[in-house]
Amino acid sequence: MRTFLSDNAAPVHPRILKAIVDANKDHALSYGDDPWTARAIERFRQIFGSQTDVYFTYNGTGANVMALSSLLQPFEAVLCADSAHLQTDECGALERFSGSKILPVPAEDGKLRPQLLTPFVRNPPEEHRVKPRLLSLSQSTEFGTVYTREELADLCAFARQHDLLVHMDGARIANATVALKCSLREGTTDVGVDVLTFGGTKNGLLCGEATLFFDPRLHEDRARYVRKQATQLASKMRYISAQFEALLSDDLWARNAAHANAMAKLLEQQIERIPGIRLTRPVESNAIFATIPRDSIPILQQKFSFYVFDESRPEVRWMTSFDTTEEDVMAFARLLAGEVHAA
Amino acid sequence: MRTFLSDNAAPVHPRILKAIVDANKDHALSYGDDPWTARAIERFRQIFGSQTDVYFTYNGTGANVMALSSLLQPFEAVLCADSAHLQTDECGALERFSGSKILPVPAEDGKLRPQLLTPFVRNPPEEHRVKPRLLSLSQSTEFGTVYTREELADLCAFARQHDLLVHMDGARIANATVALKCSLREGTTDVGVDVLTFGGTKNGLLCGEATLFFDPRLHEDRARYVRKQATQLASKMRYISAQFEALLSDDLWARNAAHANAMAKLLEQQIERIPGIRLTRPVESNAIFATIPRDSIPILQQKFSFYVFDESRPEVRWMTSFDTTEEDVMAFARLLAGEVHAA
Amino acid sequence: MRTFLSDNAAPVHPRILKAIVDANKDHALSYGDDPWTARAIERFRQIFGSQTDVYFTYNGTGANVMALSSLLQPFEAVLCADSAHLQTDECGALERFSGSKILPVPAEDGKLRPQLLTPFVRNPPEEHRVKPRLLSLSQSTEFGTVYTREELADLCAFARQHDLLVHMDGARIANATVALKCSLREGTTDVGVDVLTFGGTKNGLLCGEATLFFDPRLHEDRARYVRKQATQLASKMRYISAQFEALLSDDLWARNAAHANAMAKLLEQQIERIPGIRLTRPVESNAIFATIPRDSIPILQQKFSFYVFDESRPEVRWMTSFDTTEEDVMAFARLLAGEVHAA
Amino acid sequence: MRTFLSDNAAPVHPRILKAIVDANKDHALSYGDDPWTARAIERFRQIFGSQTDVYFTYNGTGANVMALSSLLQPFEAVLCADSAHLQTDECGALERFSGSKILPVPAEDGKLRPQLLTPFVRNPPEEHRVKPRLLSLSQSTEFGTVYTREELADLCAFARQHDLLVHMDGARIANATVALKCSLREGTTDVGVDVLTFGGTKNGLLCGEATLFFDPRLHEDRARYVRKQATQLASKMRYISAQFEALLSDDLWARNAAHANAMAKLLEQQIERIPGIRLTRPVESNAIFATIPRDSIPILQQKFSFYVFDESRPEVRWMTSFDTTEEDVMAFARLLAGEVHAA
């Protein structure tokens, strides 16, 4: 089965799997008091700075919930793009767990800009309204677009001015960082991000995300309690940590992401030659959005499954991943050309 | 490193690990629409009945939270032993996520009995008080004791009389079932349990638990939403499901548990010969509780780590697991005999 | 002190105050088991139908929270106008108390229409997203506009088609009903509203609102528990009920509202003659919105306090109430004419 | 109708009602920006110290919820007597609103003591368990008993040692203070209480309680948001504040409470002469608990309504209030003597 469904339809990267297998001996202290976790945390600190406070979780919704709930009081609100995973794809997990309100900001292309945020911070805080306290940026966005470092710096400066913390939902931070041709640090701490949820599952892990607080004082020792309450504390944590240790070794995170991005570019190039397909978003990471003839969709999906993002147009989404092959792309492009021509 | 810390200090059983490795090919639909999940659910239905509604989760706190939150309104309360994991070791996860109140019932040995519950259901429900609606039983208990089938049947009958649903926290259901020398069904559905959280992690899985509703009408289609909101929906679910498929094949669940229980019995036999150690709880599954000389504790822990359960006595806990060996037990017994004698 | 701040800046209507004073004798069963409450409920049933289930609360936020939390599961969402009190002025009370997400629908004039709602109900429900389950309509709106009965019927029909319950936030239902020249029933149950929060405080009460479920089965006996949990169950309830009994006697509710609306109309007429003031919303109930010269605002506020609704334009809001006099209006109009001319 | 049901079955004290009537003129800024509120706050500051931070609410459950939720993170727990109103009579309001867990401490007579608390603070905090952070003391208790100042000082010292804040649930603080023959300050701030919910409704108010933070830094500016979110912010607040102004004038709070307590003492004296009635709790404030013949209960209740506290014994509760008269007491005592003799 080969698909362009999502990067979480892909399997586990062989080197990640090997790390799990290698970790499988003897007993280890549970809940993170083990050497694998210590080493994985150390790797993150080498990358992001020695003060970084690292919390592993099972999945991305869990990482977001524990990150934000460690920082917010229930009357403090989150500003995010109206297309953000947090707003649209987490089934209200944050609201239910923490009570905090999300204020969705209309953003055509999934990217926030200071002027879009201004109406939400115009009035001085008062008790009748929730208090905006955190800005959540998805990097890359749900549309596969990528904030530039300048855009990030501007948004972080705006946040500072308005007493907002900055969270980066980095479920696909690797794809974004590779696209920006910068280091992980240059695209996060250096531009002013306070807390990053660093994605693993969509970049080759079995399961695992990491929440990184760049200044541990921000959460006032709340994070470890919040992770446990949020049901995201793994007992056999060594198996998550070992995966991260492998992902952060030999730039595996970057190589996986670079490959996925390259495959998206290759597919884009092939598509541009096919009349009848219109790319609807710039291809900046590992997602491609396009409108195609409606009739062709079910036929295409029989061979390569994918999602219809907006039934009304119809706009489809094709995601590439670390394991997408050139053969996958070329075979899909041929199929596309044939079916779209026929439709 | 060899320990008697907890069954979650053990590694992944080789057959479970093999199932993960075998599942690692090609793409799969995410969030459970994959063949591994279908097969694992089918195995559970063969065991517990075809109407069983199965939801995989990452961990036990998550399984408990999603099970109970699918059944309770926020003004409905849970009755459980005051020593239950739900009450003492989940950091208030249920209260925070669902708002439901837990009413802890004092139970000396971790086992509830109808007469202990009577004071909590005496008065007719009215709006000033939370409404008891669910009875949660830990099988085996936090003290390693095991409810007999008759005790369970009595409790379930009591629950029916008082309009209480019955949840079994089965983080160690395998150990309890093996101890009862009955089938999984005979110790759960047949005695009247409504919902079971079926433990995997403590019986050889990397991570994974299953919540089983024996009558899907009880949760009124809430369970799938609640699992997602509770951050317990795995994207690459095949890797949890494949583990359960292996655990439920060739009675691996029972063999792992039987071995752990046998090692606890062996340790018990060895200890009974050692003057200065007093067993404080009946050894009915894979836990041993004992009082030992205080001075011997740090010395023992250097070789075989374990927890002090109650500092004041001091009472210690030794857990065995699927991978505990006879050599581990005999070596530890020798060490115990020597250190306790010396102390 | 005379103001155009809000209808809750007004005092208690003398007949309401008399009802409080008259109720002040002897003991009464608390929490609503008293004759005043029985009579007030009976009055509501005479108006809205004998099956109406009535719950008194202290205030409007409490009434909204208890109404919606009695109907929604935490993964079910509310659709309301982005200007709704529920979204903008209740400090996230619903999210914190119930966990339910609010999906704000952009609505220029505060009034929802089926086509604005369509994008929110387009996709079939699935677990990644909250499930829209309730449509909340403010009557009159935050902008003082009033849904016609046809508009309400269309919205309720749309709601039925999409399995949405309909809540009417009637903090100013009296003003709206008078404006529509219909009966309370014609503008609520007859057009398809399921639950109404009936405002008292802004129409002459000391404090008190009523939540009316037109079909008690909808809340499945949850409402009384939810009211208590939401801290909205009054112990000396007779004093709220007695106020409602008076408000619903001799059409006091309608007379108060009609007077407030008439004063708004009178002010509108006076303003239309003043160059330099532009009415920004149709005056349909007891609110007037206008843009005026910025410099005139502080001077005006010294004599008659009022709110600036949108600093950026600046747009101001003037509310009339049951106790606004013709003299108040004429004096304010003269002041306006003078200051705006001067500015 | 004359009863011994509860002090909330009593009406509004005439001087309190007069304060409401007197406040009923002209417009006032809503939500507390009015002169009545300023004056009532000033009165509280004269009594408790100038740094006292005062928040009026509608009722006691609301006052408790807003007080505790302003101080606690959701993973922080409350220690209180297992008979505390917070635990038994607020329908889980705190858990639902804030997520915080309540740890009920078994306390035979409703009074906590340091040794009862020790088991709950023995272990160092860690993430698996909620973190005890606040001790809530009911003064007077649900059984009408009163902590002495020495007992309070000991408990507060214990709390300081264990990093616990001290909340006093003072729904009947007036009755307790009068019983202790000390000033309000001597029984609260002077012994180490951090936050007090000061009861009004049970001491002659129509509705109204006050939450007093003796050190405003404790809540870090959260209280005003929390009150609003908890639906406890009154729009026409002058009517609550005016009542408190009257209650705190000319020692009305003390006179009302002293009268209620005296009536309880009088009833106790009469009862002691009646064979067949056994007082089950010391009469220290305005509650009397006794066992009486079961058959006499319904006959007695026809003339003077009251609650059966524990059906199993049966133990009944008789509450006196500011408006209980000597005639009430003597008539009830005669009735008791006759019926108990007959039974």
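Descriptive notes on the structure:
Per-chain residue numbering starts at 1, and chain names A, B, C and D are given in the order in which the chains are listed.
In this text, a contact is a pair of C-beta atoms (placed from the backbone, for glycine too) under 8 Å apart; a residue touches a chain by one contact, two chains touch by 3 or more.
Remember, predicted model here, so these are calculated numbers, not experimental data.
Contact with both chain C and chain D is made by A, B.
For chain A, the chain whose average C-alpha position is most distant is D. The geometric centre of chain B is 41 Å away from that of chain D, both derived from CA atoms.
Spacing of chain A relative to chain D, judged by their CA centroids, is 50 angstrom. Within chain B, residues 74-75, 90-92, 96-97, 99, 127-128, 225, 228-229, 233 each touch two or more of the remaining chains. Chain B meets chain D in the complex at residues 74-75, 77, 88-92, 95-97, 99-102, 104, 106, 122-123, 127-130, 311-312. Interface residues of chain B facing chain A in the complex, by the touch rule stated above, are 1-3, 5-6, 8-12, 14, 17, 20-21, 23-30, 58-62, 65, 90-93, 96-97, 201-202, 206-207, 225, 228-236, 239, 305, 323.
Contact residues on chain B toward chain C in their complex (touch as defined above): 31, 73-75, 98-99, 127-128, 131, 222, 224-229, 233.
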